[in-house]
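Would you mind keeping the following structure in view while I ask a few things?
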Amino acid sequence: MASQAHPLARTPLGRALLGIIGVAAFVMLWKYAQSAGWAAAGTIPDPFKLPQALADEWTSERLMPAVLSSLVHYIWGLAIGTFLGFLVGTLAASSSLLDALHAWLARILRPIPPLAWVVFAIAWFKVSHAGAAFVIAIGVFWVNYFATYSAVRNVDSRFYELARAFGQNGHLRQALQVTLPGAATGIFSGIRTGIGQAWMTLIAAELLGVPGMGQEMNSAAGVGAYEVVVVYMLIISLVYTLSDTLFGFIEKRVLTWRPS
Amino acid sequence: MASQAHPLARTPLGRALLGIIGVAAFVMLWKYAQSAGWAAAGTIPDPFKLPQALADEWTSERLMPAVLSSLVHYIWGLAIGTFLGFLVGTLAASSSLLDALHAWLARILRPIPPLAWVVFAIAWFKVSHAGAAFVIAIGVFWVNYFATYSAVRNVDSRFYELARAFGQNGHLRQALQVTLPGAATGIFSGIRTGIGQAWMTLIAAELLGVPGMGQEMNSAAGVGAYEVVVVYMLIISLVYTLSDTLFGFIEKRVLTWRPS
Amino acid sequence: DKSLEIGYMPIIPISQAFIVLENNALESAGVSDPKLFQFQNGPAIVQALLAGQLDIAYLGIGPAMVARAKGADIKVVASNIVEQISMVALGSLSPYFDNGDANTAFTRFKADKGRNAVISTFPRGSVPETVLQYWLQNQLGMSRDEIKQNIDIIYQGAAQVQQALMTEAVDGAAILEPVVSIISDRKSDAKVVASGSGMFPHQPGAVLVVRESLINEHPELVKALVKAHIAATEQLRDDPEEAVKSVGKYVGGGRLPAKIVLNALKNSRDQFEANPNAIIDGTRTMHDFQAAQGTLKVKVDLEALFDVRFYNDLVKE
Amino acid sequence: MASILNIEGLSYHYGNSPDPVFADLNLRMEDGEFIAVVGGSGVGKSTLLRCVAGLATASHGSIAIHVEEDDTRRSRGVVFQDGRLMPWRRLRSNVAYGLKGLKLTAEEKRDRVDEVLKLARLEELAERWPHQLSGGQVQRGGIARALAVQPHLLLMDEPFSAVDAITRQHLQDQLLAIWEQTRKAVMFITHDIEEAVYLADRVVVLSGSPANIVLDKRIDLPRPRHRGTDGLQKMAQDIANAL
Amino acid sequence: MASILNIEGLSYHYGNSPDPVFADLNLRMEDGEFIAVVGGSGVGKSTLLRCVAGLATASHGSIAIHVEEDDTRRSRGVVFQDGRLMPWRRLRSNVAYGLKGLKLTAEEKRDRVDEVLKLARLEELAERWPHQLSGGQVQRGGIARALAVQPHLLLMDEPFSAVDAITRQHLQDQLLAIWEQTRKAVMFITHDIEEAVYLADRVVVLSGSPANIVLDKRIDLPRPRHRGTDGLQKMAQDIANAL
């Protein structure tokens, strides 16, 4: 990095403190916007009413089933999308033939929105976790595909030379010894983006008719219960933060070799 | 790269040919799936009926207005999202203080789906191109934010040393001389993903009520005109391909220094 | 025992479904554990029906026509509601309907404000959109060009319509319950300037469809379902207070204040209509209107769409 | 002795430049021979080595390497001019890299790695990441990695350029000791003519543009040789004159 | 002459290792002086240079550099051991890098760059990307970049390690010529003791762990000196003994 860390940002505690300050400032701004009437009354949820809304969701026993149901297709969608994005990205970047063969097809399929896939997902998977996982996987797939493709493309070619010089031939061997570690930073950045992307696609996926947080959010929005919408957003954020943090640890472990 | 290019993939013509082969294989598989009844009748559109559907859209003068309207908020959303994602990503990665301050907030805001933003976009921007651009920008923002953050973090620190050794101090100077070129590959990969991401968010953004291809797609799906849905998907793909190709050229130009 | 798959949307117009699901009507008909699928939009239900999922579904007549035309073996065995669309106007627009001829309200609005009125409704081809167009063209007598020149129609989902009305991003909306009640509750200057029969007489709304195979294999079950449906309709007309709990559980996932649910039910009580015979003509009118508008692209065999036997038999009994 | 390397009519041409680096180059190397290649900076030494190592494909000409059939993986070992340790492997694992796939037990591998680490005086740094090493340590890591393979043909590109005189003498002597024991062929690129003369059986001088062999001198001094002797110095002077 | 560099009680400690690289090191350098630093591989030479260059912050002690107020940007010029050309700049632009922000016209800058490119014999390669250069060419690019700045204190980390003997002699003589003309201070790290003696006013020997200065020898041979003379050789022998 360019410069020394700020004194406060040096310890985990300091960083947590700064993080909380950031969030607190945001909540204050939000409350101010809401009460000062920046937008029409009733259109911005009141941050101070969120605990009540959360309690309501909890006591009415909608919360946990929704969370658990979402997790099922979230995890499957994320896992499948990440794996395939990584696989196709790696293959496309390492084989010029595959690259050319799929290039146009990828361009055609890439921009199709999850909402359009929803319609077809039902045809293929019926209304099921599989269908929702499929829609989520698609969003995650592209993010990982591009990140992996670009990272693999940019692995320093001198290390391939090195591998060949030491008789480490064969695609698989070089993929494991050079491509993977050499592209790891970029691939990890893609996976991390994908973890967030999957949540962003969740609502779209649950338009399918599969129960979960997206569906609850939708029906809350449909009757103007914006506080509830925010409650689900926050719960999604919480689960996301957990997964992102967990992933951050893994990333740090795997990439110990980087100069800090 | 690991290996020599395949003979066919060496010329632009050969690559185009392979690309077409890939697409043709896909269309054939699709037609086969549709006619062989892999999925229930009526749920898969017929690829051979697409030209007719396209002609209908064209003659009914829905196509061009929709395309143009979508382009307005697409371009704005993409530009703003890319710029801000790049900016925030760079700042967060280069300043430990900013990084810690925004870390939690980013985790909270990251997974909020575009559909949830739509509801709030109306409150802030009314039903307008600005609102749709906002929703698109959010999706694009995160992709660029993560890509930039990770790329900037991974710039070889020896080049910062070099800059300091030659008296090139100051954040801005180092950002321009080291961070930017050093992170360019990763940043470009992010921008490229974002260009696709923006189209994926288009339908969600147009749920706002702003006219465009997403809305046409929605209403076509509503009346079961799946061929029309596919027509719009293909037009989106076409526009995407154009922008992606254009961007590919720019990328190649800017990154001439990479060993090919 | 038969395991049933039932699809629905969480909206007021299909309130009968919620009452049937909440009382033990299905259980006594031999269905112990129905699988429920909640959808957010019509197209998703259509796709599910086409894909062979769902034995029973509650959906708009529009999507039902599409599903039938695309080859789903479904029959409309009962109606849920008719004439349920209302035209809500906000403070900016409603005065033009209060003082003066409704036919010229939009032109006067434009002359005064120097801009088009912005009216929100559901996506093109949906029931509210069709009714809005029908009202503008056939009731207010506006030509398509006049509509284009004076009104900006925008297409949104339920949540967006509400948000747009609340923030006054639009001047009015052609929309369903419970949005009408929610808006009336929160915005005192919002007014219903045209409703139900005034917009599109005998306009069909949501219907109960059943798969043909179910009709053939388990006619007694379908009969029991229609019977419960009729009873639920009566309850909705006679005693909306009683229905609030069941309906509130599904509409908005139980997050709507009971007051608003009751309000919405009371507003709609006269529109609940179980008799499928009553909507056949309206369906034809709507079908032809949509075809003329160009929003309905598929050929629908309306004769094959309805199966009124169950209702007729039950009424005779 | 049979020849292990036979280069005939070799030309190389970088894709983006109009002139060949070298043209119509011929070189034959006997099995067990120690050849030093010297030449000006940028003349094409590294390019030649990359061709021999099979890392660059010549525009014309042929390169033949003869080793026993079942030992092709061990046929070559390369020390790169830039060290080239993989940043994601610790030093030990970098040194062990070439042993992957050789028919050795884990223990044999560990012993070999320990041996070469010791030889390169890196025992204590085995668990370091490459970015934690000094310039000379990185270079020695690269040498250790190539030696661990015990290749039939050892290709070294300025392997001692970044180490101090004492370490350099130590490494030179170690290399000679290994070579005398195993009698495997070595191609040694250096810019230090005295070093070339001290180590090699033959010194090959590359010069010109396109480069070619302008001198191929047999160093028929008896071994063990001694640094700074007159015979050595004279040879070195002869070669320097050719450059 | 005034002192340009004053190191007092300097210790350095890599965050992840228990032992300091060097401890309590003192060194004073007069303005215009040419100091050579020699020492074993991994002893800490590069680390010392990075401290002087302000690229690493010492754990203890102080480093003071005295130059005219308005010239702090030109105070130091560094030649890195690993060349370190920016891969995204062509050679010419890499060489011009240090001139950014100096008060020179575009023409003056171009002239300076041309001059140092010529001096490093790189004129013809000015438009190449770094990956298209040979090892020695990269190194010479790094030297040219530092010389272009005409710094008050020139810090060179084994700058000639990758070039052949002739180029090396050429570069040594060029460096001396520049130095004699401008009389700017030079700190020159090398592992070649003869080179150190040939070039420097003083040779400083680093040794031990933690490292320290074990010998600080003034080379009071008259200039111009000649390679291979007995006086020079004797000095070199003395220093080698200290190592």
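Couple of notes before you dig in:
For clarity, chains are labelled A, B, C, D and E in written order, and residue numbers in each chain start from 1.
Operating definition for what follows: contacts are C-beta pairs under 8 Å (C-beta built on N, C-alpha and C of every residue); 3 or more make two chains touch, one makes a residue touch a chain.
These are the chains along with the protein names UniProt gives them: A, B = ABC transporter permease subunit; D, E = ABC transporter ATP-binding protein.
Just so you know, these numbers come straight off a predicted model, no measurement behind them.
Taken together, chain C and chain E share the touching chains B.
Between the CA-based centres of chain A and chain D the separation comes to 49 Å, rounded to the whole angstrom.
Chain A and chain C have Cα centroids separated by 37 Å.
Residue numbers of chain A whose C-beta contacts span two or more other chains: 39-40, 43, 119-120, 122-124, 178, 218, 221, 258-259.
In chain E, the positions touching at least two other chains are 82.
For chain C, residues touching at least two other chains, in rising order: 41, 43, 47, 50-52, 157, 159, 163, 166-167. Of all possible chain pairs, the ones that touch are A-B, A-C, A-D, B-C, B-E, D-E. Interface of chain B with chain A (complex): residues 1-6, 8-10, 14-15, 18-23, 26, 39-40, 43-44, 93-97, 99-105, 107-116, 119-120, 122-124, 139, 142-143, 146-147, 149-151, 153-154, 157, 160, 171, 174-175, 178-179, 185-186, 188-189, 192-193, 196-197, 199-204, 214, 217-218, 221, 226, 229, 233-234, 236-237, 240-241, 244, 258-259. Within the complex formed with chain D, the chain E residues making contact are 14, 16-17, 38-42, 46-47, 81-82, 125, 132-137, 140, 157-158, 161-168, 191-193, 240, 243. Those residues of chain A that touch chain C in the complex are listed here as 39-40, 42-43, 56, 60, 62, 118-120, 122-124, 126-127, 206-209, 211, 215-216, 218-225, 228.
Chain E contributes residues 50, 53-55, 72-78, 80, 82, 84, 86-90, 97-98, 100-101, 129-131, 145, 149 to its touches with chain B in the complex. By the touch rule above, chain A contacts chain D in their complex via residues 158-159, 161-162, 164-168, 173, 177-178, 181-182, 184, 255-259.
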